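Once you scroll down, you'll see the structures, which are given as structure tokens.
Below are two complexes that have chain A in common, paired first with chain B and then with chain C.
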Partner chain A sequence: MSNIAGKAYAMNVITPIPWWKAIWQHAAFKFVVRFPSNLKGLINLSLIHYARWTIIGRNSFPHLAPSQPKEDLHYSYMMFESNFNGSWDQYIDSFSFAIPEGLDLFWRFNIGYPKSIPLHGFYNYIRFNQIETDHFYNAYPCASSNDVKSATHLYDNLKDFTETSLELSDEDFEQAYNALLLDNQQYLGCMEAGPSLSLKEY
Partner chain B sequence: MSYIDGISMKESKSLDLYDIQGNVCKGYGRYGFPKARYCFLSFQHTHSAREFLALLIEKITTAETWPVSESSDHHRIKPNSTLNLGFTYSGLKKLGLPERSLKGFPVDFTMGMKARSEILGDTGISAPEHWDDIWQQDNVHAWVAINARDQDAIEFEFNALGDLVTQHPDGVRIMSGIKGPNNTILPYQDASAVFENGLPTAKEHFGFTDGIGNPYFEGCGNSMSRLPGRGKLMRDGSWQPLATGEFVLGHVDEAQEYPPAPEPKLLSRNGTYMVYRKLHENVDTFNGYIDNLAKDFDGSRDLLMAKMSGRWPDNGAPLTLAATDEEKETLDAKMASIELRVSEGDKSALIERKELRRQWVDFTFNDDKSGSRCPVGAHIRRTNTRGSLETEHKAFHRPGALVDRRRLMRRGLPYGGIDEAKSDSAEQGIIFMSIGASIERQFEFVQQQWVNYSNDFKLGNDKDPLIGSHDGKLTDKHIIQGCPIKGAKPPFFCTQMPRFVETRGGDYFFIPSISALRMIAEGLIDPS
Partner chain C sequence: MANTSGNAYGLTALCPIINGHTNDSNPLYKAAGESHDKEVRRILQALPLNQESPFANTDNTYLARLFILNDVFFQQGNDFKRDQLKSKYLCFNSNFHGELEPYLTSLWNNNENQVREIWQHCVAFESVSNANDFVRYIKSCQLTTTLFFNGSNDQPVAEQLKALYVKQMFSEFVLTQQGKSAAELKQAFKYFLQRVQLNDVKSPSWKPGQTEVAL
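On to the complex of A and B.
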């Protein structure tokens, strides 16, 4: 079991929310989707692959067979899923430093939510409600999401270049090649195994 | 009111500067102390070690403010030398701190630097097995630093320390095992500013001007004139002091809480942590690499060096202010003309000089997102990102939200380069010291994520061109970005970068307050 695979970390957090407040939370999500500028900070945190918040109604949990005992849940639940690059602390720190208001908007109606600042209350809240990952597969363990984005840009641009540069004279080729380097200079970081994220050695 | 740099000022928060050790609030070099000696103590019997400590406390320099002017009436309170003290975790154990207090220290500190080498990139030739002999043992218990105006004062204070140690043969000894010049093994590490024409400079042995952008925190006792560029960047472009708790325990930090700290409060309040690292500089390798690369580089050797560090080597001017040889010539001419007018007694030139010098520190990378002026991977842009990680306007709570809790208060000095000619095998480098309330969140994060990795800069695994743990591989590279306009120069690649800087030793130290030191010496620490 590990939440870590290569450069990526998988985080799942389930938190209870009163069913009637879940309706307000739904409204908050709709507001954010309607005005996505509120997500600017989240998107700007380039260590994040994605983040998803889902509300599971207290009557929505699967009931697979009549033999499964019926559950009488007092609360609805909010499920947060995210994959990101970096360690748990780095992720939570970045969240709390950069978008404290955004976090409060997403969790404010949840039971026991302490607000994202001060930091250690938020740390404890996430740790307490985190569901550890049983299995986490990463197809590209040496790639962060930024690495993947850079590589796909570079691949597309290089492909175009190879198609358009075949017939160029030496001088024109040099010029076109230099222009290619300039256009892609932000995509040229090298890719290797990431820094140590796991604390199991410590 | 306090009097610093000859300026009186009202502080928004006053700290008990008489309780905080002086090295926390002062970079001694700036106060006319260009020489230092660091030595390491090993404690033997607790009782005798505490007796020694009780006597040493009287010599410790606090953070009380000094006037800089020699002619001031306050001159008598500025000493000829300073002394400061810190303990490793094993040192605190040896001094008999209760288990519950010891358990309150964070894991980074309790493990010590050697055990964290993987995180720090201290691998290969920088791995602990290659460090100076003193670090091959596990009984470094305390760090003592003497800073002084000249070498005579250093010797005087060191001898006095030696006398005190001799009086406690069962309690404490000064450890040997530090590599010195000309293959000597010494019981101390000397450090000194690099002197040019008989005067101390802010240079290190590669030739860069160093130590410019140290952070400014609330209550630090420095003049508010030093705030711009050193505090936290606000949305309107102004700067505010960083919260005290980023650098001193027992005070509220940027997360609006007290930093985690051991109990009782009196043990931790006004104390802090310090990272000590002996960083060897391979000057031959560095000069050879730069000379070779400069042949292909479209610009001067100085510009190439500046594109690696982010500052011009001769005077530390940032590339944001002058990013080409032509711009640097104009800047130098402007500075020379101001200096001339200052020497002729023109008072307005003084203001102009101050304003221009302010821009050495007070800048952002907002107008240089592509890195065509200061490369995205340049040393100063990595280690103090200012507002550059907020790539979209108003995305974050504050422009510097991702850096305000990652600042390093550096307190280092160069070493070597005096008794032997500089070369790869000679002893020269930097004694790097960094002070902060969390070693893991501040120093270790910067070292791991920003110096030896680049995901936050979208540069993959590229490393810091000066201090990154390179090994000469083709992919050990630094990109000097070109200007992203059609027809402009393409980026320039520094590849196969060797390891310019190697770690040769160090550890993590707790720098207690004066009150805590007294309690430790008297065996009065009680967390119940």
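On to the complex of A and C.
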């Protein structure tokens, strides 16, 4: 089992949804895609690298050969897979406090969904339906999602600075350098390996 | 409904695992009644991690995972029906930069032995003998993502890693240059540029899956 790779945690949750309500759930996601302001809470959380919701129709499980028995399911299923920074507790807490309406929209039609508040029921729901990861790979174990984004900004700004500053006099260079630091102070900071999490937080 | 967000691609594939036991010649497995899903899980959990992971040398993998869906969960209550899957599924989930076909081709070309070792326990994989077959196979197992949220960015992994390397180096540089004269600062910055080679994305840089940030 390996839900953690450096600073990233891999979460897999699969939940049943009545097939006719899956159509409504599709519509809810289409609404979110069309009006991305509904994702503002997720963006503000800023601890997610990538996350996705996939609705699997009850007749849509891959069937590759006659030797494989066909699934015969009452429900469709929704698979949620997230790559985030921090521990399980921190993630669920942040989700529940920051975007309770968003969570209710994303899981609204799923069977047994208790709503995101109060927190305890939501904790139990996610834990009950979570599947452990067997192999998890992260290209940058020492970096958070914010590190990746800030590094990209800093890298671009540093290249621009280099193109315009090297021919300046020493004093003008110092002034330009200080301005660069002032403008990019939010992108600076050294990275290290993430803190160890206790087994409880896996 | 899309598998992509800008240049980032979200792949979800459910590959059915063969029901029953392996035909492995190892008598220990037979004696223990080793099933295909157990064998796959054993292989997945023994895969090397981080820089040694097969995904570290698969071009442009941001984050990837493999796990086994044994069954779906029964939501307890009298009003709910009980579902049980007839197959177990190997779930392959990857977030990467670029197009699906070159990505899967890179996975196969750089890790053919490991790919074969893992997927040999999946239904119909015996028909896969080259990269094109593998691409076709994974596509036949692929699910369409309903909502893909990209909270990072969609640049190539090499550029992200270079940016992280530069961020680390420049942050150290800023710390060590405090209080220096203007002339010393400019001289040191020129030396810094020589060292980090801003315009060379490949080197020096962080390596995919690198777990230490030694300067």
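Quick note on the criterion: the second predicted complex is superposed on the first by the 198 of 202 C-alpha atoms of A that agree within 3 Å, B and C clash if a C-alpha of one lies under 4 Å from a C-alpha of the other, contacts with A are read in each partner's own complex, and residues count from 1 in each chain.
Following the convention adopted for this analysis, a contact is a pair of C-beta atoms (placed from the backbone, for glycine too) under 8 Å apart; a residue touches a chain by one contact, two chains touch by 3 or more.
Please read all numbers here as calculations on a predicted model, not as lab measurements.
S.K.: Overlay done on chain A, so just call it for chain B and chain C: clash or fit.
M.R.: Verdict on chain A: chain B and chain C fit.
S.K.: Comparing chain C with chain B, which touches more residues belonging to chain A?
M.R.: More residues of chain A are touched by C.
S.K.: Looking at the overlay, what does A:Glu101 touch: chain B (first), chain C (second), both, or neither?
M.R.: first
S.K.: Regarding the shared-chain residue A:Cys190, is it in contact with chain B (first), chain C (second), both, or neither?
M.R.: both
S.K.: Let me test your reading of the model: by the given contact rule, A:Pro114 touches which partner, first (chain B), second (chain C), both or neither?
M.R.: neither
S.K.: Determine, under the contact definition given at the top, whether A:Asp93 touches first (chain B), second (chain C), both, or neither.
M.R.: After superposition on chain A, A:Asp93 lies in contact with chain B alone.
S.K.: After superposition on the shared chain, which partner residues are touched by A:Ser46: those of chain B (first), chain C (second), both, or neither?
M.R.: Both chain B and chain C are touched by A:Ser46.
S.K.: A:Leu182 in the overlay: touching chain B, chain C, both, or neither? Say first, second, both or neither.
M.R.: Touch status of A:Leu182: first partner only.
S.K.: Between chain B and chain C, what is the tightest CA to CA spacing in Å in the combined model?
M.R.: 6
S.K.: Report, in rising order, the residues of chain A that make contact with chain B in one complex and with chain C in the other.
M.R.: In chain A, residues 43, 46-47, 147, 150, 181, 188-193 are touched by chain B and also by chain C.
S.K.: Would you pull the chain B residues touching chain A in the complex into a rising list?
M.R.: Residues in contact with chain A: 107, 111, 115-116, 118-119, 254-257, 260, 370, 376, 390-392, 394-397, 401-402, 404-405, 440-441, 445, 448-449, 452-462, 475, 477, 479, 481-482, 484, 486-491.
S.K.: Sort out for me which residues of chain A touch chain C in the complex.
M.R.: Answer in residue numbers: 1-2, 5-6, 8, 10, 12, 14-16, 25-26, 29-30, 32-33, 39, 42-43, 45-56, 60-65, 67-75, 77-79, 81, 83, 106, 111-112, 128-129, 131-143, 145, 147-152, 154-155, 158-159, 162, 166, 170-171, 173-174, 177, 181, 187-193.
S.K.: Which residues of chain A touch chain B once you look at their complex with the stated criterion?
M.R.: Where chain A meets chain B, its residues are 7, 40-41, 43-44, 46-47, 85-86, 89-90, 93-94, 96-101, 117-120, 144, 146-147, 150, 178-179, 181-183, 185-186, 188-196, 201-202.
S.K.: Which part of chain C faces chain A closely enough to touch in the complex?
M.R.: 1-2, 8, 10, 12-16, 19, 41, 44-45, 47, 49-50, 53, 55-56, 61-70, 72-73, 75, 77, 80-83, 85-87, 89, 91, 93, 95, 123-124, 140-141, 143-153, 155, 157, 159-164, 166-168, 170-172, 174-175, 181-183, 185-186, 189-190, 193, 198-199, 206, 208-213
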